[in-house]
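A, B, C and D are the chain letters, set down in written order, and residue numbers restart from 1 in every chain.
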Amino acid sequence: MSERRLADLLAMWRIRAFEEKVRDLRLEGPIVGSVHLCIGQEAIPVGACDVLEPEDALYATYRGHGWAIARGVPVEALFAELMGRATGVNGGRGGSAYFTAADHGFHGENSIVGAGAPIACGAALAGRFDGSDRAAVTVFGDGAMNQGAVHEAMNFAAAFDLPVVFVCENNRYSELTPIADMVRAPRLADRAAAYGMPGYRIDGNDAEAVRFHMRDALEVAREGGGPTLLECMTERIVGHYIGDAENYRKPGELDRIRRREPIARLKEGLLADGVPAAEIDAVEEKARGEIEAAAAAAMAAPYADPATAREHLYA
Amino acid sequence: MPETSKPEIRKLGYGEAVNAALHRLMEELPETLVYGEDVGVPGGVFGVTRGLRKSFGARVFDTPISEAAILGSAVGAAMMGRRPIVEIMWADFSLVALDQIVNQAANVRYVSAGRLTAPLTIRTQQGNAPGACAQHSQCLEALFLHVPGLRVCMPSTPQDAYDLLVTAVHCDDPVLVIENRTLYFGARQEVTVGGPVPPMGGVRVRHPGSDVTVVTWGAMTWRAVEAAELLAGEGIGVEVVETPWLNPFDTEAVVAAAGRTRRLAVVHEANVTGGFGAEVVARVAQAGVPLLAPPIRIGAPDVRMPAAPVLAQALLPDADRIAGEVRTLVRG
Amino acid sequence: MSERRLADLLAMWRIRAFEEKVRDLRLEGPIVGSVHLCIGQEAIPVGACDVLEPEDALYATYRGHGWAIARGVPVEALFAELMGRATGVNGGRGGSAYFTAADHGFHGENSIVGAGAPIACGAALAGRFDGSDRAAVTVFGDGAMNQGAVHEAMNFAAAFDLPVVFVCENNRYSELTPIADMVRAPRLADRAAAYGMPGYRIDGNDAEAVRFHMRDALEVAREGGGPTLLECMTERIVGHYIGDAENYRKPGELDRIRRREPIARLKEGLLADGVPAAEIDAVEEKARGEIEAAAAAAMAAPYADPATAREHLYA
Amino acid sequence: MPETSKPEIRKLGYGEAVNAALHRLMEELPETLVYGEDVGVPGGVFGVTRGLRKSFGARVFDTPISEAAILGSAVGAAMMGRRPIVEIMWADFSLVALDQIVNQAANVRYVSAGRLTAPLTIRTQQGNAPGACAQHSQCLEALFLHVPGLRVCMPSTPQDAYDLLVTAVHCDDPVLVIENRTLYFGARQEVTVGGPVPPMGGVRVRHPGSDVTVVTWGAMTWRAVEAAELLAGEGIGVEVVETPWLNPFDTEAVVAAAGRTRRLAVVHEANVTGGFGAEVVARVAQAGVPLLAPPIRIGAPDVRMPAAPVLAQALLPDADRIAGEVRTLVRG
């Protein structure tokens, strides 16, 4: 049992160390533009991706670095993408908010709120005809639940029993605005009933809880039972984007968040179960080492070649 | 283009030609899907998808009234190896979900540097028909033609309705096929079906003439030809050049034609300002074609489309108005 | 009691006679283009508009002739609009699917499915600031429930407690496709819960039931209680549009519909209550007389002047 | 325009000027409302609406991430006598709800023959900034400029950011004000606030010159001015004519300018095909201005926008590229 939890810890540390390095690189200059970190939300991709099959399709958002990493996309190629290198997952064309790496079952980030949901329906639909057992997963935030495209996608998937898992990462804010002020019924999972599909509000800071619900949803989906909505409760420890002054935080809010965040919680649990502190700390060290090496390798790679900027528009 | 069935000539109307192309495509490309509002069991509100559901079962289906879901799922299915052919019943309705076309479909290949593609075909129809309201009358091709990453065509004959759709669906990029509902039930013509189709692009010279070149597309082609026939009687030779493919656009052929006659008029049903006519005029101007008179654009004036036919007629270009403006262009 | 029911009967007959005349004129030629009749659905506008105040705003769809009539828009101006006359409610610019008559609290039809719902939210919002007690009503079909804009509008209205009544005319078909095939949970009223607002599935073929629920919803709305969704169960006796071959109908379906349709039902009830048949028949006659006269007057009016076709684009 | 407060000169950046205009408008027009995503309590993701919520309470508020609801409710509120000023955070996002702008707002006045109006103002911002992805980089003005019934402007200075917004909100029609986020935090300049503002329309000559006319708008104005300064050193006189109002567009002034210099280049950040540059070239061509050389258009090539700055820079027009192409236009 503690083995799996140590593996989860490593997977989460990989994401967090990546994101922290990204923040440094953004503040120091090698990365430019708007960047949305998932620090505090790592348990969701880690738990969910663990039970995905290679042929499954995953659609994330601009806050999707963690999903890409959990899906196995090489972090060096992600760093390279962020720094506009030729070796980036998209050769520099996607950037932070628009990673794609289809060869790793990561069908991409999306920086239009809600737009990935209908696209995931299509991937699931394709599975009906290509002989695969594909399920599709679409990830979005609490705020995205108020976007028309997400509504249409949920109905579409439910009406046609498509194997789609709708993962809502409810971090309580849509950018700078509390979701609680933007809906009347704050339990977003309950919206699933409108479409006749199951919806669960779950602990998104517990990779094991996410793993269980994801596995269950995928099984139902693959058996023809159609879609599920998982509202994963979480919180980001950082701003909406790098540079966010976070004026909207209430006093003590970040302290509370830090006490509940998935890595701190998991470490605490492991310690309580008697795993030696040194072993736990070694996990972080290992992740940070990998990440530093990958960042350095990415930084050494050549920039994307401007002469190629017009390529690949059409077949 | 893969192997095709043997060519055969059939008498088909425009809508029937679309239907024949869909049947062929469903047969020759197992990865095709056809879906949209009322396209399955009912066979489409214009009957264009009739019979497909019966022949191809689950590959043809009706959807909720959810354009974002229709278009978005087509993008997703296309990224996964399907070739969806989806219908947006009226071009006007694409505006509720344009994001999926512009921000999603058009980006797939470019942003992934070619590792992912989105070979979907969006069939829609547009334009005014008598009595149609302002929300069911727009010609929106110019919007799509400003979007790199899409292909766009507008067939005006049964043969092109067939050929262009076949080309569109075989294309590995997102293609918008803009049909015209006033043509669906036009006269049957001989259509070669089943054989190879012409490559994407090119122009069709619909009327010969050497005094002036009229560049046009869509249903306006036939208003322009009527005008050319009128003017032929007056001794004015009008070359009507239809550009059924607007992206890719055959600039070379258009510039060459304008260079031959040294007079240019562009005719479209869309309102003039920001219409694709501006692009055509700009390309000819930029090519430095020495014209005998300034080029003109003929289209709807910049207003909304009123429902009353008597009002709409005052706005839409017809043969008389085209002939009048072209006559002035030639005679001064 | 039978007085109100006789008034309802007259109001419904006015709509039905209007629609039947429109069908004739469409088939004979004076009206051109696509026309969507509401025959069979008359009880909804009649019951609902009876309890609206003049300052309330009403947004209907292309199937909105009945709503315009029930709101008191002169039928002559509606006929004139349909025939492209200068005297039409929109001077011929709107046509069948895009009537507006703001001076009668009829803020218009809309022929984009679902588009009226957010617009109604705006009218309700305006009421917060203009000192009026305005409520807004938006009408749409069962199929429109799957449109993103309707979802966004319902959440918007609920989150901000806006005085909006969402009236869903569930006639069981979206154009030619049964709504039952396009959703998993066929009781659309239940979707209201997703937004934390009340939703009721009601008998849309009973003007009295519609009146009760509408009055209730309006009272709650005006008291600051926010929006309500009313799913009014009904059926059209005619095609989706004039010319619809109605191939989708099941055997015997139209017979069943005719037995339940609001005018037949109300007549039966009145007869059972002892209202003389002659009195009941006189209502129809009166309505038909009015309608014929209005159609004739409209027909005699001049066509819209083509010279004005470019006017009123900008201030 | 109603009575205004006393004019006063303040040092303001572009974003601050927008903010000052909003404060003024909220004060002088009680029927205004300001809302959109994060515009209320947070004061906007670019800080442009800062302070409004505090000063004007419930008239300023945050909304769900629901562009159709934001735009649609603005249409409805405007029809009912309010003057909503709503924000679409990025022009790219308008594509999820374009219906409400094109099929709804733009039709209100025309279809009701003037009995209803929709005096809403949509503030948005667009264009590329270093590192922005393809879904956050588009210049979409051409789409809106093809829609009769809308007014569209693109301020490029703090003064115009102030003036144009005041004009827009006072206008009784739907107006789209397209700002540019790369300008928000530019240098402070002297801005006259509080007084009367110029009427809608017109051009701004940003650099004098008699060899060639460069017509441009938005942030590109300053790239064109840089280019003009470069070329001035080489003895080439470039007249930079900015058209902050694109609808209404001051065709007369542009045609007159092109007629004076007899050379025309149009510069915009949007990709060339179907861009509004085509319209400008077409209008000048149609006016029969005798040019010494064919007109040119300078814009992004027809591709999507890559995130890597090194790639984007290869596509976006900058001063060097503009100077190069204009030099060739003049010198041959």
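By definition in this document, a residue touches a chain if its C-beta (ideal position, glycine included) is under 8 Å from a C-beta of that chain, and two chains touch if they have at least 3 such contacts.
Predicted model only: the values in this text are computed from it and were never measured.
Participant: Once the contact rule is applied, which chains count as partners of both subunit B and subunit C?
Facilitator: For subunit B paired with subunit C, the chains in contact with each are A, D, in label order.
Participant: Measuring from the mean C-alpha position of subunit C to the mean C-alpha position of subunit D, what distance in angstrom results?
Facilitator: 40
Participant: How many angstrom lie between the centres of subunit A and subunit C, each centre taken as the mean Cα position?
Facilitator: 45
Participant: Just curious, how far off is subunit D from subunit B if you go by their C-alpha centres, in Å?
Facilitator: The answer is 31 Å.
Participant: Name the residues of subunit A that each touch 2 or more other chains.
Facilitator: Counting only residues that touch two or more other chains, subunit A contributes 90-91, 93-94, 98, 110, 112, 115, 146-149, 152, 155-156, 159, 181-183, 313.
Participant: At which residue positions does subunit D touch at least two other chains?
Facilitator: 63-64, 66-69, 92-93, 96-97, 99, 103, 107, 110-111, 133-135, 148-149, 302-304, 306
Participant: What kind of graph do the touching chains make: line, ring, star, complete, other?
Facilitator: Chain contacts: complete, every pair touches.
Participant: Please output the residues of subunit C touching subunit A within their complex, sorted ascending.
Facilitator: Subunit C reaches subunit A through residues 146-149, 151-152, 155-156, 158-159, 181-185, 190-191, 193-197, 226.
Participant: For the complex, which residues does subunit A have touching subunit B?
Facilitator: Checking each residue of subunit A against subunit B gives 57, 59, 90-91, 93-94, 98, 100, 102-103, 107-108, 110, 112, 115, 117-130, 134, 136, 148-149, 152-153, 155-156, 159-160, 311-315.
Participant: Which residues of subunit D touch subunit B once you look at their complex with the stated criterion?
Facilitator: These residues of subunit D touch subunit B: 68, 92-93, 95-99, 102-103, 106-107, 110-111, 133-135, 138, 142-143, 145-149, 247, 249, 270-271, 273-279, 281-282, 285-288, 293-297, 302-304, 306.
Participant: Quick one: in the complex, what on subunit B touches subunit C?
Facilitator: Listed in rising order, the residues of subunit B that touch subunit C are 37-38, 40-42, 45, 62-69, 92-93, 96-97, 129-136, 301-304, 306-315.
Participant: With touch defined as at the start, can you tell me which subunit C residues reach subunit B in the complex?
Facilitator: 31-34, 84-85, 88, 90-98, 110-115, 143-144, 146-149, 174-177, 181-183, 247-248, 303-304, 306-310, 313
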